[in-house]
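Here chain A shows up in two complexes: once beside chain B, once beside chain C.
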Partner chain A sequence: MTATVTRPAPPRGPRRARRPGISRQTREMWVLMLPALVPVLLFSVGPLLYGIGLAFTDARNTRVHQTEFVGLENFTRLLTDAEFWSSFQIGAIWAVSVTVLQFLAALGLALLLNEKLRFSGLARVLSVVPWAMPPVVIGLMWKLVYHPDAGMLNDLLGTHINWLADFSLALPAIIVVGIWAGMPQTTVVLLAGLQNVPKELYEAGEMDGAGTWRRFWSITLPQLRPVIVAITSLDFVWNINQFGLVYVLTQGGPGGRTRLPMLFAYEEAFRYRMAGYASMLGLAMAIVVLAVLGLYLWRQMREAK
Partner chain B sequence: MRRVLQYVALVAYVVFLAFPLLWLLSTALKTPQEMALTEPTWIPREPTLANFGDAFGEQDLVGAALRSLVVALFASVITVLISLPAAYAMARYRGLLNKVAIGWVLVSQVFPFILIIIPLFMILRDLDLVNTLPGLVVVHVTFTLPFALWMLQGYVRAVPRELEEAAAVDGAGRLRSIASVVAPLLAPGVVATLLFSFISSWNEFMFALVVLQNPDVMTLPLTLVRFTGPEGVARLGPLAAASLMATIPSLIFFAIIQRRLKSGLMAGAVKG
Partner chain C sequence: MRITSALAAAAILTLAAACGGGGGGGSSSAPNEPVKINFLSLAWQKESVAANKQLVDEWNKANPNIQVTYVQGSWDNVNDQLVTQFAGGTAPDVIHNDSPALSGFASDGYLLDLKDKLPAELKSDIPQSAWDTVTFDDGKGGQGVYGVPFLQESQVIIANKKLLDAAKVRIPTADDPWTWDEFSEAAKKMTKDGSYGVAWAMKSPVNKTLNLALNFGGTFFQTSGGKTTVKVGPEEREVLQRIHDQLYKDKSADPDALGQGTADPLPAFYKGKFAMLPAGVYLRQQVVEQAPDGFEWVTLPAPKGTSAQQGAVSQTLSIAQESEHPDEAMKFISFFLNGTNQAKLAKGDWLLPTSQKAAADPAMTTEENGWDVATASAKNLVVAPFLKVNGFDEWKSKVATPALQEYFANKITIDQAAAKLVEDGNKVLERYQR
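Coming up: the complex of A and B.
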C-alpha cells in the first residue's frame, strides 16, 4: 500500500505507456473514471437504451401492465396522428424562428458591444442577466408582461389582448420570450468570436478601400463562421428540445397552439401514461434533430472548403 | 451619423432586455390595491416591501426554498466529487475511454429528455425514489455530470503536467504531488464547477416536475409555478417578489464569474 503511494510516478509519454499489456496507467484510468461511470451508465446510458427499446413496445406508465413488443406500431400511429403533426409543425416553426431571430439579434448586439460605445457596459451586463435567471422565473416574468389586466404590454399598446390565450398570437408571443431568454449565450459566444478576429485583416481591408459593409461581409462573417455554425447548431438543439419555459407560459395552450413536441410527449407519457408511444415520439424527434444537424453541418463544411 | 444609429440600436437592445425585468421589479413593489387598478402604473405610487413578506407566508415557499437548497447542495457536491477523478483521468491519459467520454458529453446535449426521463422515472419508481429528494439528487447529478466533467477537465489540462512531474522528481509521491501541487491550482476551477452545478440544480424544472409530484416535497421552481393559479391579480405581487428572490443565487453566481465569463470560459469553449 505505502509502496504504491510513495513510488515516484515516472514521467511517461503516451507512446511509452502503450507497450506493456494492461498497463498500470489503464488500470488507474478505470479506477478514476469509475465513480462517474457508474451513475452515467445506471441513470443515463441505461435509461436511454431502455427508452429506445420502450419505443417498440406498448408500455404504459403504470405499475400493473403487461408490456408487449409491438414492433413499429407506435411509429405508424405517430405518422397518422394529426395532433402529433400539428405539434411537430409548431415545434419546427418555434425552433427555426427562435434560432434564426436569436442569432440575428445576438449578432447585432455583439457587433455593437464590440464597437466600444459609451454605456455598452450597461448593455453588456443586461445581456447576461437572462442567462442568470431560472427559466421558470423568466416564464413567470413574461406572464406578468403579457398579463391581460395587469400587464405592461397592453398598457403600452393601449390594447386589451390576452396574448397567451389568443389562438394566433400565442405562438409569436412565446417566440419573443424564447429570443429574450436565449440571446445572452449567443451574444457572449459571438462577441468572443469577434474579439478573436485578427485586427490586421481589418487594417488590410481598409487599405484596400473596403467600406464597413464590405468588411463585414468579406472579413467578419467568414472569420466568424465556425463560431456561428457551432452556436446556431447548439441553439437549434436547445430550442427544439425546449420544455420548461413554454410549460410555464402556456402549458401548450390555447388549444394546443403552442404545444411543442416535448410538451406533447410529456402529456402522452405522464398524463395519459402512454410510455411506449411517448418514447417513440422522443426517438423520432432525436432522429429528426440528428438529420437536420447532420445536413446543416455537412453543408457548412462543404461550403467552407 | 453612423454613431447615432449605433446608439439608437443600443438603446433599443437595452429597452428590450431591461423592460421585462423592470416590470417584474415594479410588480413586486406594488400594493394589492394598486395591482387591482384597471390602468397599470409603471412606477409604484406607494412602493412596499410587503410582498416579500407575504411571499414567505405563501404556499410553503420557505420550505420549497429549503428543499431546493438541500437538493442543490447535495447534487453539486456529489457531482464534483465523482467527476473530479474522472476529469483528471480525461485530461491526463488520452485513450479510448477518454474519446467515449467526450462523445457522451456531446450526445447528451442532443437527445430529447423525454427519451431518458420515462425509463428513468420507471427505474426511480421501482427503487421507491419517486417523490423523494434523494431521487431528484440522483437525477440532477446524472444530468449535470457531462458538463461538469467537461469544465473540470479543461481546468485540469490548464495545470502544467511538468509541475506534477517536478514534484515527483523532488520525491513527492503521486497522491502527495496531486494534493500539494495540482489541488491548489485547481481550486478556482473546482469552485466554478461547484457553483455551476449548484445553479443548474437550483434552477432545474423539467426533471423536478416529473420526479416530484407531491406538493409537500416540491422544490422552489415547481412551487413558484403552482403559485400562478387562477386566483386573479391580487397575488401577482407576492409572486413577483418570490421570483426575484429565487433569482438571487444565480445572480451571485454570475456576479462572481462575470469577469471570467467573456474571456476565459467561453473563449476556451469556442476555440475548442
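Coming up: the complex of A and C.
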C-alpha cells in the first residue's frame, strides 16, 4: 500500500523528458528509506491509526462485546468526566513543575560543571548516572528512600511521615523524583550548549565591564536559547507522558492524587477494559501536547526573529 | 519502476504476514505427544510456592501424558496481565485468581463455565457457601460456575499476649467472641504508657471494611429490578463509625498505622507500640517467621455485631475459555485441590481450606499458631455481597478507596463519605449496566 501511495503517477507531457533523472533519484531514495520506513509504518503509524479509529468506537477488551461506531460519544463523556479533569490537572501540575524545576536545577548544575573545577570530569560522569537507570529501578529506589519506617528521608529528618501515602505530600514527593530522574539529559544538553558559546563574547563582555550576572543574562542565556527551547519542549512531552516511574511509586494513589493522565488511560484500558474510551483519552492527550508545544515553539520562533 | 514498487509492496506484505501470523502457529500437537498445560500460580509466600511446585511435580510424574508448566504470577498485576493475555489469545489454561476478579472476566466471556465439568467428589467436598463465591451470571440469563474456590481468608485479631493479659480483659473465644463494644472497651484499656490498643492498617480499606460491615448486616449494595445501586445506611455506617471512633474519639488506635499496608505495622507490633492488629488469618505466617524471640502472641476471633458474619472471598482456579485442553485442565485442578493437597496449600499460605476433608486435618485444628481460632472462623464466612456487583473493581479504586481513606484520615465526615460512595458510586456502576 505504501509503495503505491508514496509514488504518484508519473507526470505526463512536456516534463516527461526530465523524468528518468528524477525518477531514478526518487527511486533510490525510496529504496534506501524502505528498511527504516517499514518498521515505522508497521509498528508506529499502524497502531496509531488503529488507536485513533478505536477512539470513535465503544470497543471493550472483552470477548462477548460487539464493537460499534459511536462517533463523538467518548469525547463528550471525556469533557464531562470529573475524574479526567482532575487527572488532567494533576498531569499539568506535574509536567510543568517537573519541566521548569528540572530545567533550573540542570542549568545550575551545567554552569557548575562548565567551570574549570578539580575532578570536573568525574563529576560530569557522576551526574549522568541517573540516566543509566531504567524508570522502574529509579521508582523502586525512591520508594525505599520514602519508606515510612525504614526510609532514609525519615531517618534524616527524624520524622515519621508516610510520604507516598499522604494526600498532600504524595504529588510533591513524586515531582522531586521526576526532577531527579530527568536532570541528567537536560544537564548534558545544556552543558553541550554552554561549551558552544564562543569565548570571544565573554572576553568582549569583560572588556566592556560586564559583571558575572550581566554576562550570564546577556550572553549565556541568549546564546543558549535554541538549546533551551529544544530541551524544555522535549522534557515537557516526556514528562506529561510519564508512566513507569509513577506507576511503580504510587500506582496513582493515594486516592488518585498522583493519577497522571497516562495512568488514568492505562486503568481505563487494562483494569476497566474500556478500550474505546481509553483510546479517546490518549488521543486527547496527544492533541493537548501538540497544541501546547505548537504554541510554545511558535512563540519562541517569533521572538527569536 | 513498476517492478520495483511491486517488489516493495510484496516485501511489506510478506513482512506483515510474518508478523501477524507469528502468534497462531505451533499449537497443534501430534496425537501421542503429551498435552501441555500452563498453570498461572500467584503463590508468593515461600512455603506456599514450594507446596505449589511440589504438587505440580507430583502430577507431572504421575501423568506423563498431561504435562503442566508452572508459571509464576503476582497478585499486584495479575488482572492487568490477564486482560492483555486474554485479548491477545495467550492466556494460560489454568488460572489462579480470586473470586472478586472472576465476575468481570466471566461476564466478558473469557472464563470457561465449569458447571458440567466438575467431578462429583470435588463438588461435594467443597460446601455450597464456597461455590456461591464463584457463581455468576453467564451473560445469557443463566448462572455459571467460573472457578473452583480453594482458599478463604477470614479476619482475626492478632494480639500481643503480654499487653492483653496486663489489661485484664475477658479473653474472647471462637464460641464467644467480643462484641464490638467489648472490643472498643478492651482497646481503651490497653491504651496506656505510650502504647495503643489497636492498629488499623487502612492503605487498602475497602475489602476489609466491607467484609467486617456484614457484622451489622451492612451490604453496601442493593439490587432491584436488575439494577444495582450503592447503599450506605445505618447498617453500613456502624463499623465505619466504630473504627473512626477508636481513632479520633477514644484515641485507642495508633494513627501511624493508618496509611500502611496490612503487614507494614508488624515491626511496631513486635515493639509493643500497640496491642492488637486486626488482619487476615494469613498474617500469622509473618508473625511466626519474623517475631523476635520471646515475643508472645495469640490469635483472637474478630468481634461480632448483630452477627459474627464476615464477607468471604476465595482464591480460585479457573480455566480459560480458549484453552485447547479444558478436560485435561479440569483433571489437573481436581487433583490439585483434593482434600490432602488443599491442606498442604492452606498450610503453605496460612489460609483456610474450602475442602471439608482438609479442614478436618489435624494440622488445621491445632492450637499452635492460632489454627483452631482461624479454622473456627470459617463457619462465619458468607458470600460477600460485592462479589456479584459488576463494576465493583472500578467503584473500589475510583470511589471507595479515596472516600474511605479520607474518612479514616478524618478529612471528611461520615455523611460526606456516604454521599461520595453512593452518588459517585452509582455513576460508576451505571457504565456497567447498559
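As a convention for this text, the second predicted complex is superposed on the first by the 267 of 305 C-alpha atoms of A that agree within 3 Å, B and C clash if a C-alpha of one lies under 4 Å from a C-alpha of the other, contacts with A are read in each partner's own complex, and residues count from 1 in each chain.
Following the convention adopted for this analysis, a residue touches a chain if its C-beta (ideal position, glycine included) is under 8 Å from a C-beta of that chain, and two chains touch if they have at least 3 such contacts.
Quantities reported herein were computed from a predicted structural model and do not represent experimental measurements.
By the touch criterion stated above, A:Leu157 is placed in contact with neither chain B nor chain C.
Of the two partner chains placed by the overlay, neither chain B nor chain C lies in contact with A:Leu79. Shared-chain residue A:Ala304: touches no atom of chain B or chain C.
By the touch criterion defined above, A:Asn61 lies against chain B and chain C together after alignment on the C-alpha atoms of chain A.
Touch criterion not met for A:Leu295: it reaches neither chain B nor chain C.
Of the two partner chains, neither chain B nor chain C is touched by A:Leu104.
Contacts of A:Phe270 after superposition on the shared chain: both chain B and chain C are touched. Of the two partner chains placed by the overlay, chain B and chain C both lie in contact with A:Asp149. Of the two partners, chain B and chain C, it is B that touches more residues of chain A.
When both complexes are overlaid on chain A, the residue A:Trp30 reaches chain B and chain C alike.
In the superposition on chain A, the residues of chain A contacting both chain B and chain C are 7, 10, 30-31, 61, 63, 149, 270. Considering their complex, residues 2-3, 6-7, 9-10, 13-14, 16-21, 23-24, 27, 35, 38-40, 42, 81-83, 85-86, 88-90, 93-95, 97, 101, 104, 108-123, 125, 138-139, 141-143, 145-146, 149, 164-165, 168-169, 171-177, 202-203, 205-206, 209-210, 221, 224-225, 227-228, 233, 236, 239-240, 243-244, 246-247, 250-251, 253-254, 258, 261-263, 266-267, 269-271 of chain B touch chain A.
Contact residues of chain C toward chain A in the complex are 1, 4-6, 8-9, 11-12, 15-16, 19, 79-80, 83-84, 86-87, 104, 107-110, 139, 203, 256, 259-260, 264, 267-268, 321, 391, 393-394, 397-398, 401-403, 405-406, 409, 411, 431. By the touch criterion given at the top, residues 1-4, 7, 10, 23, 27, 30-31, 34, 38, 41-42, 60-65, 83, 148-149, 160, 162, 165-167, 253-256, 267, 270-274 of chain A touch chain C in their complex. Contacts from chain A toward chain B in the complex involve residues 5-11, 14, 25-26, 28-33, 35-37, 39-40, 43-48, 50-52, 54, 61, 63, 105, 108-109, 112, 115, 117, 119-120, 122-123, 125-137, 139-145, 147, 149-152, 155, 180, 183, 188-189, 191-193, 195-196, 212, 227, 230, 234, 237, 240-241, 243-244, 247-248, 261-262, 265-266, 269-270, 275, 278-279, 281-283, 285-286, 289-290, 293.
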